[in-house]
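Across the two complexes that follow, subunit A remains constant while its partner is subunit B and subsequently subunit C.
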Partner chain A sequence: MNKSIAAFIVVAAGIALTPWVADNYYVKLATFVAMYGALALSWNFIGGYTGYPSFATAAFIGLGSYAGALFQNAGVPLILAWLLAGVVTAAFAAVLGFAILRVKGHYFAVGSISVVEVLRLIASSWSGLTGGGDGLNVKILQGGADYAGRVFLFAMLAVMIATFAVTVWVERSRFGFGLKAIKQNEDAANMVGVNVSAYKIGAFTLSAVFCGITGAVYASWIAYIAPVDAFSILTTLKVPVMALLGGEGTIFGPVLGALVFVILEESIWARFLEANQAILGLTIVVLIFFLPGGLLRIDYRRIGRRLGMGRSGATGGAGGTAGTAGTSATSATSTGGTGGTGSNKDGRDA
Partner chain B sequence: MLEVRQLTKRFGGVAAVSNVSFELKAGEIVGLIGPNGAGKTTLINVITGVHRASEGKVLFDGRNVTAQQPWQAARSGLARTFQIVQPFPGMTVLENVVAGALFAGRAASRAEADRAAMEHLEFVGLAHEAERPAASLTLPSRKRLELAKSLAMKPRLLMLDEVNAGLNTGEIDRALELMRAIAARGVTIVIVEHLMKVVFSLCQRVLVLHHGELIAQGEPRAVAKDEKVIEAYLGHKFAAKLKTMDGAAALAERAQEPVQGQTLGQAQGNAHG
Partner chain C sequence: MLTLQILANGLVLGGLYACIAAGFSLVWGVLNVINMLHGSLIIFAGYLTYFAWANVQIHPLVSLLAVTGLMFLFGYVLQYLLINRVVKRPVLTTLTLTFGLDMMLYNFMNVVFEATPRRVTLNWGSVSLGDIVLPMDRLVAMALAFTLTGVLYAVMRASKAGRAIVAVRMDSDAAALMGIRIPRVYAMTFGIGAGMAGACGVLFAVAFPVTTNVSGLLLGKAFVVCVIGGLGSVPGALLGGLALGLIESFGGHWFGPQNAITLGFVLMLLLLMVRPTGLLGIKGYE
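What follows is the complex of A and B.
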């Protein structure tokens, strides 16, 4: 637990330092890591702790981005508009959760993904409010690209830190214990006195509120939203993959997963322009297939010992690369895979 | 403390429990018996809110609790164990009991829940396994875990659904001691049981269900001589035969013998075969 918090502080500090040590490309990359970190941590409440495989992430992001954009265009101050978007999304999730959390497993997964589609259709056809398929322009933040880049970097970072803080609370609280009990055996949880429907709705709402805020920040950052981007099926799939990659149901896993995923995506994108989606997909399938518990659950000491027994010469070299490459998002792009793996050495007790 | 009034539970056209009424007094140990499929587990499920009653009422301390959810029942002091044990498999043995203490047991903090859980594990004799994953326990240990978990819920009425099924004679004797110790704490107990040895040595009163109906209730020995009960267990023909040879008394005696696993349910099987 403490090691995980320390690891998180290292990642957050790395993200916060990017504007001073690297150019705008890396600032943007770090903003994405913080954004996906917040989203994956959000998914973790319902998917990781409670065991309900939600694919509603993009529904919450989209709703939050439209709500934030509309508030902002109506003259609400920036930060207040973001927070209000979070409130709207949370209220929506509470009502939605009441309806769809009655079904489990595959049914819940399909139900939650259809919410994304339904909201997308509403956003496309309600042109009076949302601008329909033409999209919606959001006020551009004044002060130049460098300034705006930093504002959104720190905004996303703040959302990620807030989500992480709530995760730490959940991990230590009675509420979190109840969620884990529901994941293990919902009927038994009900029998020992856990108010299962209230707990599930609580987890689902928590998983929505920060997605909503993230969506609103994203809308202000990009300054333009359209139904297809806001309610993106790809995002709704990517976020759980990140959480699974790092280790679902842990406090640091989702952040690690987001970090590794963004780095992988970026380095593969840069090298294989044509087949990048296919290669990314294959990489993820392989990673999840061979690491069912996520990167955090690997016994790195055992791997080290095995490597040491097999060929003692090679260990020093491999360990060295992993150790140096993994400290922050900025230094790790050239050796994407190893960099990510290395950085979680200090976080595997989560 | 518990009053069941004309309770009926239908699944489609089948009445699994039909028009059952009885009362439990505080501190009693009551046996709930009947052939397989008689509706014993369904009755418990309706009382604890797993199934909604089709008709009738359940009053707990005079309060109507017929429509409550299982978690509400648990918090009000109605605890039960499952015939098929329901642990949280990925949690440790201790954490399983902590769950009971933390929610229905209303422990103020995790530390307090841990302390209470440890006490209950010592009570059932599982303290040395506290840190093992619940999934790795043997069946008798799982049954005891289930017991510790329901005790951690601070129940006033504890319903034990076949906690002895699958245990050997020595294990059953230990379970009997445990149940007596629990009753000595002032907990009212209902046991669903096939082993007549357990019923005779533990219960002050038995309720007999057959095809969902309460066909007899009263002191165990009296009930064992009841014609309707004998007929329910052994079928018409065999019951008629028994009558001629004063078999009811013999049956009651036979049931008391400490033969491992010999149940009236099996006796019924033999009679048909």
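What follows is the complex of A and C.
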């Protein structure tokens, strides 16, 4: 737990320092890391802790970006507009959660994806409010590229830190304990007195509020939003994938996943524009088959030992054991970040 | 009279939707896998049909069998080698996996076939019955869609493979004890799902322009039909498909065509809340 927090502080400090040590390209990258970090941490509340396969992330981002843009264009000050967008998104998620959290598993997954589609279709056809398919222009922040870059970097970073702080609180609180109980066995949790529906709606709302704020900040940053980008099916998949990549249900995993994902995306996939999606798809397939528990749940010491033994030509049986250990760690709900903390250091280097 | 025309349009759409959803519903019901590939498989088959027709002059009705068989093989191998390994894992895993595979296929099609809409034009003219006018190719597509859905029903009821699939759906542990090889049945099921998608793709190419952009849309239809009709049964897919076709057709007339799709999704979400097992309830492929 403490190691996870320390690792997070290192990442956050690294992001905060970029404007002083690197040029605007890296500032943009760092902003993306903070943004996806906040989104993946948000998804973690419902998908990681509660075990509900939510694919509604893009719905919250899109709603937040439209709400933020509309508030801002109506003359609301920047930061207030962002916070109000969070409030709107949270209210929407609470109502939506009341409706669709009654169903589990596959039905929930399909329902949550459909919400993205419905909102996108509404945003496209309600042209009086949203500008329809033409999109919506947002006021560009004055003060030059350097200044604007820093403003949005620190805004995204602030959202990520806030999301992380809430995650730490959830991890330690009775609420988080209840969510983990729901993940393991919802009926049993209900039986021992967890207010299951309130907890689930709470987790769903938490997972929405920071997505909404992130969306609003993103809209101000890009200064233009359109239905297809705001409610992107690709984003709705990318965010859970990041959380899975780092290790879902841990406190540092989603941030690590976002960091690794953005680095991979910029360094490898961006070079193959035509096959960009296919490579992302392939990454997902590889992730699912070879990294089922995410980067944080790999036992790096064991791999190190195995490599050492491999060189000296000793027993090769350890490979199979490492693989199964990773798989079983996914099904067994780890209590807290303990499963991951031991290997944080190595994880960040990956 | 306008009402009758809308009704006829709805039935044509409904037939195709039923056919699209039947395979998807089978995979979801038996394997517990949400096959995000389904839309792209339909489009892939549509492209195969188009190129067979445009380049080698193979009539779509001839390629129907070949494309279906090819897609069946593709699905069988995919399930046997890849998806079977994670089939027991939670929906998050299987859905993400098929989504990843879908992205690869989608990207492949975009690069190789380009996204230009292509359509097989058969110039069959149209049929008019009183005031109702329907293009012949769509009418044939509808008739074939109903036929294929019927064939699937018959296969499920009467063939040995079909009975094995139903048995696995009812109780896979008991089925395994009776000597059914579960991985093969799973592969068979996914193969049939992909084969149905392939057949739909052929019909789709005859009646509508084929482009990669609509693969997500088709997948969405499969979702809605499954939730309306209930999972894993041919009659459910048929009922759900017809219902969605009529809802979109009438909804498009009353609320404008751009809102017809939204209407289907909203109805689905409402139905998820009140009756997640679908209108027909949970039943097997009996």
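Operating definition for what follows: the second predicted complex is superposed on the first by the 311 of 350 C-alpha atoms of A that agree within 3 Å, B and C clash if a C-alpha of one lies under 4 Å from a C-alpha of the other, contacts with A are read in each partner's own complex, and residues count from 1 in each chain.
One rule holds in what follows: a residue touches a chain if its C-beta (ideal position, glycine included) is under 8 Å from a C-beta of that chain, and two chains touch if they have at least 3 such contacts.
Note that the coordinates shown come from a computational prediction; the quantities given were computed from them, not determined experimentally.
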So, after the overlay on subunit A, do subunit B and subunit C clash or fit? They fit
Winner on subunit A touched-residue count between subunit B and subunit C: chain C
(message) A:Val196 in the overlay: touching subunit B, subunit C, both, or neither? Say first, second, both or neither.
(response) first
Check your understanding: In the superposed arrangement, does A:Leu244 touch subunit B (first), subunit C (second), both or neither?
Key -> second
| field | First, second, both or neither for A:Val118, with subunit B first and subunit C second | value | second
According to the stated criteria, A:Gln184 is in contact with first (subunit B), second (subunit C), both, or neither; which is it? first
In the overlaid three-chain picture, which partner chain does A:Arg174 touch, first (subunit B) or second (subunit C), both, or neither? first
* Asked: Looking at the overlay, does A:Ile288 come into contact with subunit B only (first), subunit C only (second), both, or neither?
  -> second
Superposed, subunit B and subunit C have a smallest C-alpha gap in Å of 14
In the complex, subunit A touches subunit B at residues 172, 174, 177-178, 180-181, 184-185, 187-196
Seen from subunit C, its contact residues with subunit A in the complex are 28, 32, 34, 82, 85-86, 89-93, 95-97, 99-104, 106-108, 110-111, 216, 220, 223-224, 226-227, 256, 258-259, 261-262, 265-266, 268-269, 272-273, 276
Within their complex, subunit B touches subunit A through residues 48, 50, 69-71, 74-75, 80, 82, 86-91, 98-100, 102-105, 110, 149, 153
Counting only contacts in the complex, subunit A reaches subunit C at residues 47, 51, 53, 55, 99-100, 102-103, 105-107, 109-111, 113-115, 117-118, 121-122, 124-125, 233, 237, 240-241, 244, 274-278, 280-285, 288-289, 292, 330
